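Here the structure is laid out as structure tokens; the discussion comes afterwards.
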Amino acid sequence: MYFVDVDDIVAEKIVVSKESLRGTHFRRAGPRQKVYFESDEVHACIVTCGGLCPGLNTMIREIVCGLYHMYGVTGVLGIEVRRIKRFLCSKHNPLTPKVINDIHKRGGTIFETSRGGHDTSKIVDSIQDRGINQEIRRRGLKVAVVGIPKTIDNDIPVIDKSFGFDTAVEEAQRAITAAHVESESTENGIGVVKLMGRHSGFIAMYATLASRDVDCCLIPESPFYLEGPGGLFEYIEKRLNENGHMVIVVAEGAGQELLSGNTCTMDNIDASGNKQLQDVGFWISQKIKDHFSKKQKLTINLKYIDPTYMICAVPSNASDNVYCTLLAHSAIHGAMAGYTGFTVGPVNGKHSCIPFQRITERQNKVVITDRMWARCLSSTNQPSFFSPKQLFAKIGDEKHGDNHVEDLAIK
Amino acid sequence: MYFVDVDDIVAEKIVVSKESLRGTHFRRAGPRQKVYFESDEVHACIVTCGGLCPGLNTMIREIVCGLYHMYGVTGVLGIEVRRIKRFLCSKHNPLTPKVINDIHKRGGTIFETSRGGHDTSKIVDSIQDRGINQEIRRRGLKVAVVGIPKTIDNDIPVIDKSFGFDTAVEEAQRAITAAHVESESTENGIGVVKLMGRHSGFIAMYATLASRDVDCCLIPESPFYLEGPGGLFEYIEKRLNENGHMVIVVAEGAGQELLSGNTCTMDNIDASGNKQLQDVGFWISQKIKDHFSKKQKLTINLKYIDPTYMICAVPSNASDNVYCTLLAHSAIHGAMAGYTGFTVGPVNGKHSCIPFQRITERQNKVVITDRMWARCLSSTNQPSFFSPKQLFAKIGDEKHGDNHVEDLAIK
Amino acid sequence: MYFVDVDDIVAEKIVVSKESLRGTHFRRAGPRQKVYFESDEVHACIVTCGGLCPGLNTMIREIVCGLYHMYGVTGVLGIEVRRIKRFLCSKHNPLTPKVINDIHKRGGTIFETSRGGHDTSKIVDSIQDRGINQEIRRRGLKVAVVGIPKTIDNDIPVIDKSFGFDTAVEEAQRAITAAHVESESTENGIGVVKLMGRHSGFIAMYATLASRDVDCCLIPESPFYLEGPGGLFEYIEKRLNENGHMVIVVAEGAGQELLSGNTCTMDNIDASGNKQLQDVGFWISQKIKDHFSKKQKLTINLKYIDPTYMICAVPSNASDNVYCTLLAHSAIHGAMAGYTGFTVGPVNGKHSCIPFQRITERQNKVVITDRMWARCLSSTNQPSFFSPKQLFAKIGDEKHGDNHVEDLAIK
Amino acid sequence: MYFVDVDDIVAEKIVVSKESLRGTHFRRAGPRQKVYFESDEVHACIVTCGGLCPGLNTMIREIVCGLYHMYGVTGVLGIEVRRIKRFLCSKHNPLTPKVINDIHKRGGTIFETSRGGHDTSKIVDSIQDRGINQEIRRRGLKVAVVGIPKTIDNDIPVIDKSFGFDTAVEEAQRAITAAHVESESTENGIGVVKLMGRHSGFIAMYATLASRDVDCCLIPESPFYLEGPGGLFEYIEKRLNENGHMVIVVAEGAGQELLSGNTCTMDNIDASGNKQLQDVGFWISQKIKDHFSKKQKLTINLKYIDPTYMICAVPSNASDNVYCTLLAHSAIHGAMAGYTGFTVGPVNGKHSCIPFQRITERQNKVVITDRMWARCLSSTNQPSFFSPKQLFAKIGDEKHGDNHVEDLAIK
């Protein structure tokens, strides 16, 4: 069990000036007195990449409105993967606050987005088509590149959470409730819900904590096994005997090492270079059915729910809407101040500018020796599958502290 | 195209007395002046069978409250498939309005239910365990059996609609909207949503009409084919060219004749005697992907959503709640008046008692030469696949009129 | 108590041909083989009048799409009360399916609407501005006028229900649930919810039946009194003693005769000619507070909720969406067939064309000697306030049957 | 305008050990290795005070489950203001995880709660009735008192936010959307929404930021005036001319100094000692109507929405559910470790134990010279009413830093 050191204390004030530097610090995000770019010469381009995530449209809206209202920037373009969508945006018809006024109330993105390696070249093509890059070179202009990490999985390190995550956890409740109702209504009912999370189980863990209807939460960070003492099947049998029904939440990337054919060939690398995962929800449902029907002669009623697309497509909730505004504003202020190659997000609640490499050098993962996972286990009463010692062996040294603030300014 | 006869007129008053009999009529449901049973000797048993449907708990609640409040019947038992669930109901602890007061706000059923042939014998066992049937025989008591048809699919003939249907169509919008958002956000995006409907496409048709985001609605009643001119693939290609994305709604039982291995053996008959359908949504998604990736060299982004369990598990909406009250009251009044072997439901908006055989002798199906399907086709602009003549050949003679009112009274 | 006559029967088939005429019948709505107008010469104008009602945008959308897709009519204009709203519609820029494609997903109306007598002249002005009427006269054209009754209150006679009603009852649940939760959480908690219904209590009655959390439902059709034996205060005291809390639903027009200053002068006639009602919810809340705090020395915690505007502004639900399509199509088919001066709607479930005077000569009201109100009373256990005899004295002869079908065709 | 100092940096690591003390720090919350109380001798009592707030039931559930599962404490009682509610809890029937398993899915509180000074004595009476305090004295037992601040308004200092706030902001969107739809649908439509916030405008500000449909947000912290240049009426006229409609959000406590009869007598101090506020929403609506109808001869259509009770009564959302778990666990761990007189909550995202006086010595208020309020103003484009200098004069010195960690342990 995890214990707090009796002398651990929490600082009330965490924004400090450069002189008092100790440990890693990041530049605080926000408007600077000195603006690097001339507003009327700014050409801003927005592109959305990867799968859908609640809040994409809010982010687009806030960047356009923020540039327009805070800096008077009117030349904002959206880069479309394939073609101009609807009448929203073109070279002669830039994105304006009026045009994108209501888009935050819709899910999805007004630009086409798609996982896949073709994006980069298409983005460049698109910039080229518009003559933007020639002009940049000809006039010796500087370019600021800001990224706002888009991942519904919350697997970005350093920042407190990624946008859309809160909405995703909220929407996941619906699937868990359905699984609970279905499982309760039949003899030996088992509801299995697969949630997003290729490499990190945050959505599964928070959805489990929020719902309290879950009897077992399986995440990529916490290995498990099916058969034998202390395994999943044993636990399922125990819960069915005690309670007559149960709900299992499984993150997309959980137990991938258990799935057959787990060799990573070109066939199961998708266009974005991500290893294509086998559908663990389908696999585990089949395994459970087989085990109980064939080996245990126990009739179970298993219902498998995959709400992934329904979650990704909802509009962002109020909390994520406000969050997107803050991120968009931080990005705008940072770029207008002349910084480049950075992302933005709250660190301990304070919005900061963070160099790209800080968030790409590792992934944010559920730390299974930490308190949130302990709370999750306590709420489900599920077995821990492996001993603390076994688990500890799987966790490397995650030190990455160093005493400096990186310079983000455009040279 | 369907036309209304210029002389067709609609009667304002459709409740008539027996003398003016012409065509088929049913006994009007409602309280009778003469009550057949003594309230304090009534033993009422409720059992729920089959899969989940929004409104089951409301129905249980309304039967218990209705018997209690309208007829002073206090001995109401629920028959559980396996065991007494929670503390809700037992021989010594009958269902009372107080105990079931809030159950209509939850989805599912407070009794366990399950598709399957074991139900009948278990129900009888359960009645036997409670000594109910012996007492019935010993004392020469009469038994009234009333059924309220539970099918989310709305495939019951004669009555205007089945309970839970309205809620299901409402909830299905969520999946269709998600499919629409997902498809809009990618190049050549296709959203496929499978909805309930083994033999009849009502949910698919009404959900399509309500949402207006659907480009193709496939139902069991309307045959279709995939390849060649006028086929589904051609239509998909056309829509993607025109619009860049599309949404397909497919009812559970659509196109079953096209699926491979469609021989009906014991293996794919489920415990309720229903022919187990292959997952048409998965099948059609695979077929579309194969066609475009392999044959057409066109990159499509297909997302398949199966919201079935999430729809079945929601609580009933306001409209279904009121409807369940009316059905429960009709059932109670009919049984207390001494009728047996009947079901209840509105016929042209008027609640009636209907002999069992009237609703089991055929299924309610979408009439594809009728106006609603024409409206659905007009809203999607999908092809009709077959000519009116070809379609007409597939529709048998559906005459079942005869001039009488059946006697429902207990002999 | 209400009883069904033992010989009452319900007709299965209610669409008949003219020859078999008995009682009042209406022309069946639907497409006619013979179309009266030339599609390319049709100028269609849409105007929305009165307060908001869920479904207005759906109705606009379906009229535009229906005219366009079913009859090839492209010249559809919306008449705005004040000015062209946004870029949606103008003389040179008619409403097209593309422009109004998504409007059914928003509440409100894309045209400005307002209660008030100025509408009529503004509408005519607007038509005149566009030169439509001159052209009509000059060319001797015929005009078909179709009305689709817009009232959230469901107070239209003859037709089964008005559009938006179902959505309103659904949304009203939210306020009733809040009132229930608030009342349950305090000592002697009373939640009062005012719902729409100037002259008829349908929303209050159906919302009460759907929610089951209501202890008293007050509607315009059923008179009540506050003080003394059998009065409302006595009932409130009884419920608080029994249960500790209660919920009261009161329709807008309930108990107006009890409110002080009930003389109808010009001051309280609003712009639409409607008698302005005093806020009965506020009035009754004050009366209850005064009674218990001053006279009974009982501390009550009363919370008053008026969800009117929140209900009127929601988008229509799936059921109303489909319903709006059917109404719009009936209106289009009727007008294109050359009928005028009619409204459309289902009569016993069959869509019909109904002459204007049939729906303006009286209002649809809750019949308090009928079964639905009896059910409502039974669900709340509230007192009936007046004896059946007293109530019967208040109900006039509502005969309006006659044997004919009115001719609706343009002369 | 607010600027970030170019040298401001944010610390990544903010949990430190006692030695490195600089500025105010709080003890970190969490399980301690050393437990002060014996589990089987613990008598835990829970009481909820004040008005409803989303999350109360979740908090009760998590305290009961946390004590039970983490420390084996079974003797948990709820202190009811009036009487034992339902069958949930009594001396012989303590709260157990089984009994309160589903309560987090309902709004309100399973205990009666009420604003009011009677609570304290009733709470003590209730403890006395159960003989708890005698036993405490007789056996010389120690008592740990932990408070979890319940305020939907988020007006608690030090901690990052109060529970229920996130849900309230989410639910407030519904009212703002309705006001927006209503205002858009009429000529010169104005929607006024009153939101909670007696002394601090957080809900109003965040709801405004989240919705983007608001044209003016009025909060207690930011004074405003109605008439003359730069006043509210002038801004309203401007917005109506520009846009034809507008939405105003007003916090409960905004502009109280402007309301007539603002002398604070005993009459308008409520039972909790709070100054009773006049309904600013009603007042401002009337003022606006009067101004435009009488002085400006401009017909406006104003709709006033007060969603307060509907917001307070909703169940907590997923984010608040997880948050309640963390707060409950911090409270349990702190009390079991022997601390008393403290509250819990995250400080810069890290859960901490905070002495009572730290959160009662001042209120958390929107700092109107800070960035969030600047963002809010930028999103609405409303006037600032007073110059920065005038505003600055109204803000006192808010220094309360000192270098120590207070000892919370039971002496």
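Worth pointing out:
Note that the chains are named A, B, C and D in the order they appear, and that numbering of residues resets to 1 at the start of each chain.
Keep in mind that, in the parts below, a contact is a pair of C-beta atoms (placed from the backbone, for glycine too) under 8 Å apart; a residue touches a chain by one contact, two chains touch by 3 or more.
All values derive from a computational prediction rather than experimental measurement.
Where chain B touches chain C, over half of the residue numbers in use are shared by the two copies, so each contributes mostly the same positions. For the pair chain B and chain C, the distance between mean C-alpha positions equals 29 Å. Per-chain Cα centroids separate chain A from chain B by 39 Å. If you average the Cα atoms of chain B and of chain D, the two centres end up 46 Å apart.
Residue numbers of chain D whose C-beta contacts span two or more other chains: none are found.
If you draw each protein chain as a dot and join the dots that touch, you get one closed loop, with every dot joined to exactly two others.
Remark: the chains found to touch one another pair up as A-B, A-D, B-C, C-D. Partner chain A is touched in their complex by these residues of chain D: 1-18, 21, 23-34, 61, 65, 69-70, 101, 104, 158, 160, 166, 169-170, 172-173, 206-207, 209-212, 317-319, 321-322, 325-326, 329, 333, 347-352, 371, 375, 378-379, 381, 401, 405. Chain B makes touch with chain A in their complex at residues 52, 81-83, 85, 106-109, 112-114, 174-175, 177-179, 181-182, 184-187, 191, 244, 301, 303, 305-307, 309-310, 312-314.
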